[in-house]
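Consider the two complexes below, in which subunit A is the common component and subunit B and subunit C are the respective partners.
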Partner chain A sequence: MSAVVTPRHRVARLAPGRIAIVAGVAIMAVVIFAAVFAPIIAPHDPYAQSMLARFRPVSAEYWLGTDQFGRDTFSRILYGLQITLWTAFASTALAMVCGTAIGILSGYHGGRVDRWVSAANDLLMSFPQMVAGIIIVALLGPGITNLIIAIAITAFPAFYRMARSAALALRERDYIDACRVLGYSDIRIIVRHLLPETLDDIIIVATLWLATAVRTESSLAFIGLGAPPPAATLGGLVRDGFDNLLDYPGLAIWPSLAILIVMIGLNLVGDGLRDANDPRATA
Partner chain B sequence: MNGIGDYALTLLMVLGISTATPALAEGVLRYGMAAQDLGTMDPHRATSTPDKPISSWLFNGLVRFKPGSDDISALEPDLSESWESNENGTVWTFKLRSGVKFHHGYGELTADDVVYSLNRSANPDTSAFASDYKSIDKVEAVDPSTVRITLKQPIPSLLGLVANYHGGNIVSKKAAEERGADFATKPVGTGPFMVQEYVPQERVTFVANPDYFRGVPKLDGIEYRYIPSDSSRDLALRAGELDVSYGRQDQEWINSIGGTEGLKVDIMRPAELQQFHLNTKSAPLDNIEVRRAVATALNRPEYIQFIGESLAQPAGSVIPAGNLGWDGSAPIYGEGDADAARKMLEDAGFKDGITLKMIQTSLPNMLSVAQVAQAQLARAGINLQLEVVDHQTFHAQIREDRSQVVYYSAARFPIADVFLTQFFHSASIVGTPTASINFSHCDVADEEIVKARSETDPEVQKQLWATAQKKIIEHICAVPLYEQLIAYARRDNVDWGYDLQAGMHLGPTVTELTELK
Partner chain C sequence: MLLKVEGLRVSFSVRRGWPFPKTHELKAVDGVSFDVRQGEAFGIVGESGCGKSTVARAILRLVNLKEGRVVFNGIDISRLPVRQLRRLRPKLQMIFQDPAASLSPRMRIGDALAEAVRVHGIASGKAVDRLVRDALNEVGLAPESAERFPHEFSGGQKQRIGIARALVLSPSIIVADEPVSALDVSVQAQILNLMARLKAERNIAFVFISHDLGVVRHFCERTAVMYLGQVIETGQTREIFDAPSHPYTRLLRSVSPVPDPEKPALAEVQEGEPPSPLDPPSGCRFHPRCQFVTDVCRTKTPVLRPFGGGLVACHHAETLPPAEL
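Moving on to the complex of A and B:
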């Protein structure tokens, strides 16, 4: 991926990814709307149990039926979206800010610090993402904040690498040299000249990583390392549904579909942005 | 990390891919258990539901519960042929059966093994049941086939202490000394089956003991497989990969399995008492008004609805019904009155509600009950924070006094003294040198519990036990939720070889007469 794409180029190249982006943005708009307004949209309290309404089928009252505690599955999915998306956005944002900052500093300064930080980063990267996630959550203990930190750590290397390689390439450019000659401070050079140049790419990476973050969150919740009960998260809903998979498959299927829709939406946006930004993809 | 492999297994089965199981001989009973892994096979240490059934296959006591029965008045000879006691019941003499052989060539059973085993059960370093054996003064080998037990004072049931249950199981002295801590995975007993192989997180295999004193078992062996997910076990059972399976303990499951051709549901006693123990020394539960609020907010009838009436029955006291000395006359809080509970909290100075920490096992049956309680308490402004951990960790951590509320499901030897002593006598408080499983730090009924133990007049004894229960209930050391029978599923070609009404080891006993038809 080229790091040197000026904003003007990008606008001209939006065409190939446009349909995907429009579809993706539409899906995500609906999903985010549903998540944000869950308290208004949800027909039932997602935590309210009713022993008289256990395992209800799909009906006008319970759009997607109820679970073993008589809780409304549709409402739980809406709230699940909320927690899952919040976890994904927060962890990606955290990884983006930290990864970019450290990556640019490391790349811009070079030298021994850069080598050490890069080596540490490579070490982190060498762990499969799920394994790293499991280890970190197991160490930190369950809970949404810890989950966000864990996912952010697993996403950190991608941003670090991206920002560092961009900074490495840019610092050799004439105009950066010119800035140095003019006596600009490092901070000013980084903030005013390096960062804007790398921002496009970082945002694309962030979009793609959002999807990964959703997947990681769901997977961790599925194996019991997500938010503790009674919190509804999409992965947790699938896992709870597994206990009754044979008799009430819907309990696992509906939240799985919700995860699928979110993943498709995020990937469409991310892929679309990437294609639009790829200098090799010509319109 | 809970059950990744397990869910993978389910997925494979859903996709119709049969998972590779080693080829088994015809007569091997495949028994599925809801656990991640073995805890221990040491009978003097086995306290968890998944570990207990194993004891009954590997070991014998001096006397035994008839297979399928939990009737304490119908104990029958096991390793001993006959026994007698002196008039006031303080000296007991047991005559051992001759020619009983230990597994794996560990020789013949002698009085030394019995002496060793009972002393081992009485030693808190080697036994989880040491407190049950405190009344024993000494155990002696009179000659190689005679054992004499002397008591400090008469106790409600000496035979209960030497039955094939918990500390009464007789182990091989030689093997236990040789193997030390390894005895947990390499136990040696006299029972109809012996351990062949233990594969961590997967299974334990047992083979028939050809020298079993009641005759060679009809089965060739047992494969005890650890499958924590209920759905995975059900799938394995339906796919013909299991013959017996620990059930999901609710009505839905009973209806579903019961309605499947070729499968049967076994429902058995003992009823395990499901109880919330409240740590009376930990703020804010040290305030009795707060405990009263918790008890009031819990809605006891709802658990019976949740579990279903074939399995759940109301709990009337802090010890299981059917125990000798049970008394259901003291009223128990727990009508699910959230408003009243909220008011009690306000009056006690907790306007904004309270938060309680609870370490909870990931076993699905228990986790769902905890979630029902969580929702009930939430209505009264009580935030029950669940920290979900695997079952072994749960057992370890609650014994380290780390959970403010402990949800414990238990049945014990059916005499009030045992349950009262383990759960409510101050000597049993967790975190103390003599600790058993007094999670509530309850100490209000010590006097009655101790007095009742050596009381010779049965009526006075009962009265003492009743007072003890009343005091514990009034002090709200624990809130009994309901009592639950045990449900297992089996293929209909499994013939237990006896009438299965109860399993003292919380699962069907596999005897020498059990077979696959």
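Moving on to the complex of A and C:
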């Protein structure tokens, strides 16, 4: 903790993780582009059913075939990507903002408040993520907003711990004492002097948690707690495909592959950022 | 009197023991009193761990005090509500030991200085820039420094920045906690000269905390010697260093290097480390290391009393042989 990490050093240290980041960013760029422009790219209406076009194989017209209602799998994956990514980003952002804010306040304040909030956080963390997600969705009821809240709550402890431990360590540093001697308010010290120091780490955690959020969303959708039909999410598509897994395995495999690609992309970005930021990882 | 510290006590709780830890009270500062006049430099010396930094931090309310008062300009700041204290802060500034650690790493120097000015509404608009440039100029840094980040400066330059940050608030007293001990000797002299100039030109008072007797002697008019959280001798710096009364002050003097090769090295250097402040010795806290120890030292705690030109806390001050220096 003694070495002061300066902006210049950070740039220099990005080098080792660069390949992973470039690959990850490239994958995510394609994925996000596909999701955002789904209405333009998609060759078919993802919700349009056609009894004549059920279970079509891969063809020029239906790139990845059709499902049991004759809906185009490729188009549904694109729209599913949209909902899945939105859910992941929104829930991670929510967890990041709340977790970081409460974590920094708790760590900076210290004492009894910190002990109680940390104990509550540990309680939340002791639930396996999936179990917590299931309980919360079951309590809140189905729907994308509730899904986002549920995933955010399961992701909250990671941000809380990160921000709290950073604030706890930085609180003892001379420059925070200097701020107090200069007569700065606690809010100013936290926002202007503490937060910028922790932001790097928090963004790295956020990138890695995006991947987890995608996985949680897919898992919840798979057990039927995802976005309600007819909305397509990647997890929901896998689940629907499972009904005809033996006859038409593609229906489950294609969306699974899409999930895989998103996870790889997000993990590459996150790992790359982390390695670039961690002096030990480069040794 | 600009600053009056009365009966200052600071304790920390330490949990020790296994499997049932008990909370022990560590008395880091145990009844310290002194005062500082306008434009005067007051030195506090002592070994590491004697509580001198805690005194500095307690004056500035960076640690909570258990007992005692800190009166600044007639106002007791030790119990003042935080908001009112904040308004007084500009007049009571601090310089830190590690200049690198005392600057926000991601803030340009100019922004850091301007922030202090703006928070206290000392100036606004263009006047802020002028104040910042004047302060940088006063500590001997180029105006372009304002555009740069702390890591682009050397240790001595960073300490100058730390001083400039205090100066923009026009303080009447600066608490300097080992301000030069992290710097090279040549740079130490520059920083000391800068502080001496500020003292003379701006009439700023200093509480100067150091373990380096030579530096204190150069800079401070009056000095207090601390041992295990207590002041054991205080008075004019010159008198304390040329004719130390307390055996501990003599020990400090004898182990600090004398820049005179003709003088023979002193043979009687006492050994040992200071005892733990968790369990201070009975009676006079210095008795286990003192060569003049008698029975009364082991049982009765000496209090500060006038002796020579200053105050000393030793039962035998009158009967001790004159110090050989």
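Quick note on the criterion: the second predicted complex is superposed on the first by the 275 of 283 C-alpha atoms of A that agree within 3 Å, B and C clash if a C-alpha of one lies under 4 Å from a C-alpha of the other, contacts with A are read in each partner's own complex, and residues count from 1 in each chain.
By our rule, a residue touches a chain if its C-beta (ideal position, glycine included) is under 8 Å from a C-beta of that chain, and two chains touch if they have at least 3 such contacts.
Nothing here was measured: the structure is a model prediction, and the numbers come from that model.
**Student:** Following the overlay on subunit A, give me a clash-or-fit verdict for subunit B and subunit C.
**Tutor:** Superposition result for subunit B and subunit C: fit.
**Student:** Now for A:D174: first (subunit B), second (subunit C), both, or neither, which partner does it touch?
**Tutor:** After superposition on chain A, A:D174 lies in contact with subunit C alone.
**Student:** Considering only the touch criterion stated at the top, classify A:Y62 as touching first (subunit B), second (subunit C), both, or neither.
**Tutor:** After superposing on A, A:Y62 lies clear of both subunit B and subunit C.
**Student:** Scan A:E197 for contacts with subunit B and subunit C and give back first, second, both or neither.
**Tutor:** Second partner only, subunit C.
**Student:** State whether A:L182 touches subunit B only (first), subunit C only (second), both chains, or neither.
**Tutor:** second
**Student:** With the C-alpha centre of subunit A at the apex, what angle separates the C-alpha centres of subunit B and subunit C, reported to the nearest 10°?
**Tutor:** With subunit A as the vertex, the angle is 140 degrees.
**Student:** Taking the superposition as given, does A:P229 touch the first partner, subunit B, the second, subunit C, both, or neither?
**Tutor:** first
**Student:** Looking at A:W254 after the superposition, I want to know if it touches subunit B, subunit C, both of them or none. Which is it: first, second, both, neither?
**Tutor:** In the superposition, A:W254 touches no partner, neither subunit B nor subunit C.
**Student:** Let me test your reading of the model: by the given contact rule, A:P142 touches which partner, first (subunit B), second (subunit C), both or neither?
**Tutor:** Only subunit B; A:P142 stays clear of subunit C.
**Student:** With the two structures placed on a shared chain A, what shortest C-alpha distance in Å links subunit B and subunit C?
**Tutor:** 45
**Student:** Please report the subunit A residues shared by its interface with subunit B and its interface with subunit C.
**Tutor:** No residue of subunit A touches both subunit B and subunit C.
**Student:** How about subunit A: which of its residues touch subunit C in the complex?
**Tutor:** Those residues of subunit A that touch subunit C are 4-9, 173-175, 177-185, 188, 192-193, 196-197.
**Student:** Subunit A touches which residues of subunit C in the complex?
**Tutor:** 57, 60, 62, 85-87, 89-90, 92-94, 96-98, 100-107, 115-116, 119-120, 149-151, 162, 165, 169
**Student:** Note which residues of subunit B are touching subunit A in the complex, please.
**Tutor:** 1-4, 7, 10, 14, 229-231, 234-235, 238, 248, 250, 252, 256, 302, 305-306, 362, 364, 367-368, 370-372, 374-375, 378, 385-388
**Student:** Show me the residue ranges of subunit A that touch subunit B in the complex, using the header's touch definition.
**Tutor:** Spelled out, the residues of subunit A in touch with subunit B are 47-49, 51-52, 54-55, 68-69, 134, 138, 141-142, 222-225, 228-230, 242-247.
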